[in-house]
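In the two complexes that follow, chain A is the common piece, with chain B as its partner first and chain C second.
Moving on, here comes the complex of A and B:
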């Protein structure tokens, strides 16, 4: 029997109709009478001691039920490093940090009271950049850094502002530089920016009389919320129940746990009543975690023919006031520090630095669009110096089976894919050989730039996922798993994997979009492009388990051995004689004989998956295996640049990515296109503007600009499919990949167009003008 | 007069063809009342500052950001929210073109597109960009949304030939 070939098909999103009718429910759409509202008072200084907090006027606002300050619950949270109080205790470390929390009957009452809380501060010197932060004389942002508890792999340095340092030491640098005939150095930098998901972060909490904590949250990490609420408030994990409905965009920003702690404390303060906290856009921009900033120095050495020999790399990530996931981002950037090139001799120090900026967390790509910007700028400098086509230089050094990664993982066709094939495809799609800089008259030039990327994941070594397939009386299947639907469409793709494996109609697979940690099997986090990969493996195992159960029951009814049976098209049948069989509907709830005797019982398939053979990195050399596979790819941008006034239009953007196997082509296109748009928006205009005292000037969507319809380019997208043996149907991670090479490709195209090296973001006409003029004195 | 010194107004507003009775503070936005009192949560808060368009509804057929309109101003006007649209061509086009991912900005975009197709069935690229530039989508690359509105405009029997 032929299978249904659902892999790769454009199966519509399972939740599509809800989303075009307004029926789709997000965390803040659950309207409940009696719910209390929480509002924060946030710091007006970037670095200051808290002298006193006067709540007397706030208490006089009618409807106020509780006011909570950090001193009432003095504890520190954070993974990998516990360095952050949910509400500031003795001092504030960034502008916008929560200082006090008001609970009131109505939102406007809570807001009014929060505004009436008077906080007296004693200002401290502000550390306003990573370069200031690493000076020996820099004020310490965390005086007790050495005493903080480490929850995961992290290497803070006491009496400094360094939250983590990851070292890569591969090969022999002395030899590497001796053999290098051509050397370039690139210094790049960009400030922090934001995820700006359209749904601001939101959480509800209630504590029931039996001690159960019920949390609702717009989160990528409901199972992490369960663990940390359990850990910090000493509640049995089974008594912490977290609900996450549809999430309105996340991009990494909803990985961290922040409002959930505040909501829990607020609920505790009012005897467990249900409370809700919703970020304003302004709070979502700066009070909640942001997109990391970076200062980097990349030195590359190669032979005259362009063969890369040595790389010396320093990444200084602006992790802001608290380390959160930024510490792991600095590690992830170290692990893939060279970009997708074969370099035998590598020295890299990747640091997460504390500053008095908002704290940073995961952002789509997890450090990779950032490191790629640095590496790919250096690659273009090198190509320029060698007088070599930038695409040829990349092709010559493209990572390949037989090479090793910076962390010394041996590479093979399964774990690394085929970057060279991606480059060759892109060459054709972008009409690369017509020339990369073409004058088109009217003071305008067209220019093309590229950027190659790779990305592995940096999850905990034991990250995993589970799935349960429950049969319905009609033989259809309900799929239960812990993946959050954040817009990426994973649950639809998972349904396709079930349908393919069970050889069933996709409409017979039902998926619940909401995650409930009490009833769904755990999924580590919906992050790191690991959801379809890990949950897909769990689903495959669950489908196999269900098939075995179906064959077991059918073999009794059909009087044969289970292994003689196959499952497909809603039936279990003899492989040798397919017309002898029984419908799944007749056995999904057990089989009942004509006399009433019954056998079997409801078929419930279960599967789980855990990443395997991963190791921590050696603290001295970085050697180790941080993730299961790489996705490689190349991206290009074509701009039309006005050489008189430095404005430009982004005409085309292209991506060729080795996806391993595309499960849903339309969904994959959407992910890559959206990622490219996000990358272009970030690289061309997005950045926080800090005053000299660390105050952020642009906390609204009218001052923090985001790309809008009509500013987007024409997208060109293609895939290469080199199967990854570990991935379901050979797939590789895809969700983050559209972003990663784009900032570099844009910078390379504009550097070529403007004939000046552009090593900073965002690439505004003003920046290009200033760089061209050589007036960099007032730049970051 | 309430204990906090504020006042509430009881009023009728016309929403999705129905007359609905609501109790409103003078400072309540239309968005707030639609969501909190009428349970019409399709209109979303995204910035509550008129910058993102996620809260867009129609007032007498024109797209308005309900976060910057007071509820008291809605009296005597016809309000249409995403819940008031059923099987419209623009909703079908959004489905067909995969013009959404997370779905949070979608109701606002659909309302704006719906009004554009009604008011300017002959809208060209510039007008499409002018209108839809008032909404933000952070997930898609905008191309899908652009295709969706264009397919609806092009399907207008009187204008199809001109646009294609």
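Moving on, here comes the complex of A and C:
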């Protein structure tokens, strides 16, 4: 039966051939006659009142059908907090914000007209950093913050620039500091950056005569689009149909709903005709939401032997002009604020701050690579002060069953992975004990740094997923579910789960790649490393449901009890006498007796899953259960550093992650490696450069650099498997994990190499040079 | 996407191109000469440039020459940077021009376009500044030959209607010891913090720079300091840097102060190589 043992195997992606041949179709690939085109006029100021919008010249461009401004549709969107108009009203709050939208017959006409819209602005003082934003004297970015509607749990503070505050109060801080013999403080910061997915965001919309709204979108959240379009435009949810084909990379950036609103308004303005909006790279960088920035302060206290006692943590997230998912990111960072360490006394305030920067949304890791950078820098400072091996310090404090999380969730062998095992494995893989800083001559040193991480999800407490299995005439199975294929390969892994459960050949399992909210069962969002976890459970249930139905029909034909039957290799057969059985093909559409009588009917397996026992966090203490399980892991980076020029090469990067259970080994490697590359790129070079007036200087790939193929180091990836009882086949979330510890590991390796504490990102040679210089002048 | 219309012409002779230019200019079409198009297309997309006509010079035979003639290397203006580095008859030029942009772009970027462009780096000019090359310029007044130093002062100084046809380099310069160092913020495909091309001729080192100031240049004052072997290397370098022909560039790639640090270290490496054995 070996080839049916499909869990853990290297099954090629179901959509691989389509992708490598170029046959795969993405949202913008669909060309239709009569399609109208939408282009935006965007703000040239980071903070300004809109005095007037003159569209007269734009209207003169041939082919222009409509021009839409924010005032025509004055409503606010956003979850958890409704603070953002899809098109700016009265004022702009970031450079690149949509101010007006043109619909025209051809794209060049729309572009030309959008360029001719003249907007008069009255500039306002710009809030250009979180540290400016939290000053009492800071200009308010949202004057009406207190009156905004809260759609989910969120705690904005009126008359401030604070969109959300999450508090963690665990243990007794006074006692904690009293017992602490060694204390370090780390201040870290990094600016906003971007997801830079290969496919820029794109949406189409049309409103049919019967009132149905059809949206096509490159999105991670088609079912959320359905809900919000229904909510804001008062259309019955059944009449909102969202299509999402393959998505060309997302990394969290396609979780938010933005272009879909604009496309809908544009279609509405032209009587419901189908319109399309596609971001240019520049728009995708700054007009659409970005990767969050952070200023953090971490104070850790421990005993002389290195046992962590207390942590006081402040996270100030740069959420930009609108809170969007940034508010939830700040909460997620609070929930896992300490990193994967057992600390009894924890005080944390995690804030989502408004600035006049582009607004932030989810980025792979959802606040965790950010908080991990802060915590892991502090851990290295502490190891240094204790004169202790940084790996040993982490091993000593590694979180484990019996401990509690910062939100006071008791940890057990199922809900937390095994960090100590990961650390021990990494020690060998990175040859850690040879030493962490080695001179290799020629002004070069080799240095290694590590970063441990953990991550739970922060979904709504009722997030769930569904799956339907239908049969084809040959007995093969088609799987329908609501997970979006964003390059992560979840749908192939789901097919493996079906194949394993049904004991069928993987080639007999077909998966529909496109998501259609009208026909696919709902999947919350393709985010939070929860797709395979939740949809996997739904698929398991659907497969079991199908098996029960097949056994039911077969039991009549085979004249036995259903319990006596098993399913496998496309047959239903007697457990005691496997030769007696019937093929699935003969019963999947009902069984027909030789005389023509039929029984049964087509078999449709259905399954669903909802996250269980999750609670909101207590607003005063943070106590509560935010997610089902923690994945833990450790990552390391080895650099070759030039002590004269401060340049470096990343030689090696390693990850050891407790995956619970690996479903598809090669796919898991790919996911982790991709995440590590993303982390290295973000940590080493990706950042928006803001002028003093909040204007972004690098809105193109010419000047906003991302790592190129040839710059990748050697990747070493390994897994530990501590099953999570709730996960299908024991699996834990994996999608985001490759990125989380990498920025910290790179900063730790370079700090060691350069002998100066590097607490900012991106880690460019110029930053190292500047920090070195500052360090030397401090000594003078 | 470019949102405005423009006419496209592809003349097959210099005279036709020059006449077309004058004709279009008189008609108010603000014509521009077009070679690889990378700069024109990308700037026009951003509305950073507008024209009602372009004159493609890629079909003009003189512009496509790439050969030795009487001890001179003649390179036509529309030879692409990829072609230059693949043929590799002038290693210093190959190395220097293979630093600009990325491979896909260099398949389109031409020598003439890079030298005449508005981009501040124009790295392909550096070898010619070092080799005292001659340029051939066509225009309404006919064809003129001039030293690169007369014509290239920060930018290529041509009058309306003129365009670069060829660059001519004495064969003696082709195989001199050389070093090209291209320093960037963090990665290879990126605008330079400093690109320094250097050659050694008759024991004298010549240097030309891009990315250091807001224009490419060669400075005799700097060379004088760098070649003054009576003082220690670092002093020579510091003195040379004090003669920079303009303020150090400060931008997204790097601040002026950091550029100075990179410039000093890179010059040190280059001088050590060229004064030691020979360049590569």
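Rule of thumb we're sticking to: the second predicted complex is superposed on the first by the 771 of 780 C-alpha atoms of A that agree within 3 Å, B and C clash if a C-alpha of one lies under 4 Å from a C-alpha of the other, contacts with A are read in each partner's own complex, and residues count from 1 in each chain.
Simple rule for what comes next: a residue touches a chain if its C-beta (ideal position, glycine included) is under 8 Å from a C-beta of that chain, and two chains touch if they have at least 3 such contacts.
Fair warning: this is a prediction, and the values are worked out from it, not measured in the lab.
Under the clash rule set out above, the superposition-derived model of chain A with chain B and chain C shows the two partners fitting side by side. Within the superposed three-chain model, A:368 lies out of touch with both chain B and chain C [touch as defined at top]. In the superposition on chain A, A:63 makes contact with chain B only, not with chain C.
Shared-chain residue A:115: touches chain C; no touch with chain B. Shared-chain residue A:26: touches chain B; no touch with chain C.
Contact with chain B, but none with chain C, is seen for A:18 once the two complexes are overlaid on the shared chain. Residue contacts after overlaying the shared chain place A:377 against neither chain B nor chain C.
In the superposition on chain A, A:488 contacts chain B only, with no contact to chain C. More residues of chain A lie in touch with B than with the remaining chain of the pair chain B and chain C.
Vertex at the C-alpha centre of chain A, arms toward the centres of chain B and chain C: the angle is 40 degrees, rounded to a multiple of 10. Once the two complexes are overlaid on the shared chain, A:684 sits against chain C while remaining clear of chain B. In the superposition on chain A, contact is made by A:247 with chain B only, not with chain C. Taken over all C-alpha pairs, chain B and chain C come no nearer than 5 Å in the superposed arrangement.
Shared interface residues of chain A (contacting chain B in one complex, chain C in the other): 108-109, 702, 707-708, 710-711. Contacts from chain C toward chain A in the complex involve residues 1-4, 47, 185-191, 251-255, 258, 261-262, 265. Remark: chain A residues 107-109, 111-112, 115, 644-645, 684-685, 689, 697-698, 702-703, 705, 707-708, 710-711, 762, 764-766, 769-770 touch chain C in the complex. Residue ranges on chain A touching chain B, taken from their complex, read 12-13, 15-26, 28-29, 31, 61-63, 108-109, 196-200, 246-251, 278, 280-281, 486-489, 666-667, 669-671, 673-674, 676-678, 700-702, 706-712, 714-715. Residues of chain B that touch chain A in their complex: 3-4, 25, 27, 35-36, 39-49, 51-52, 54, 81-83, 85-86, 91, 94-95, 98, 100-107, 110, 125, 128-129, 132-133, 135-146.
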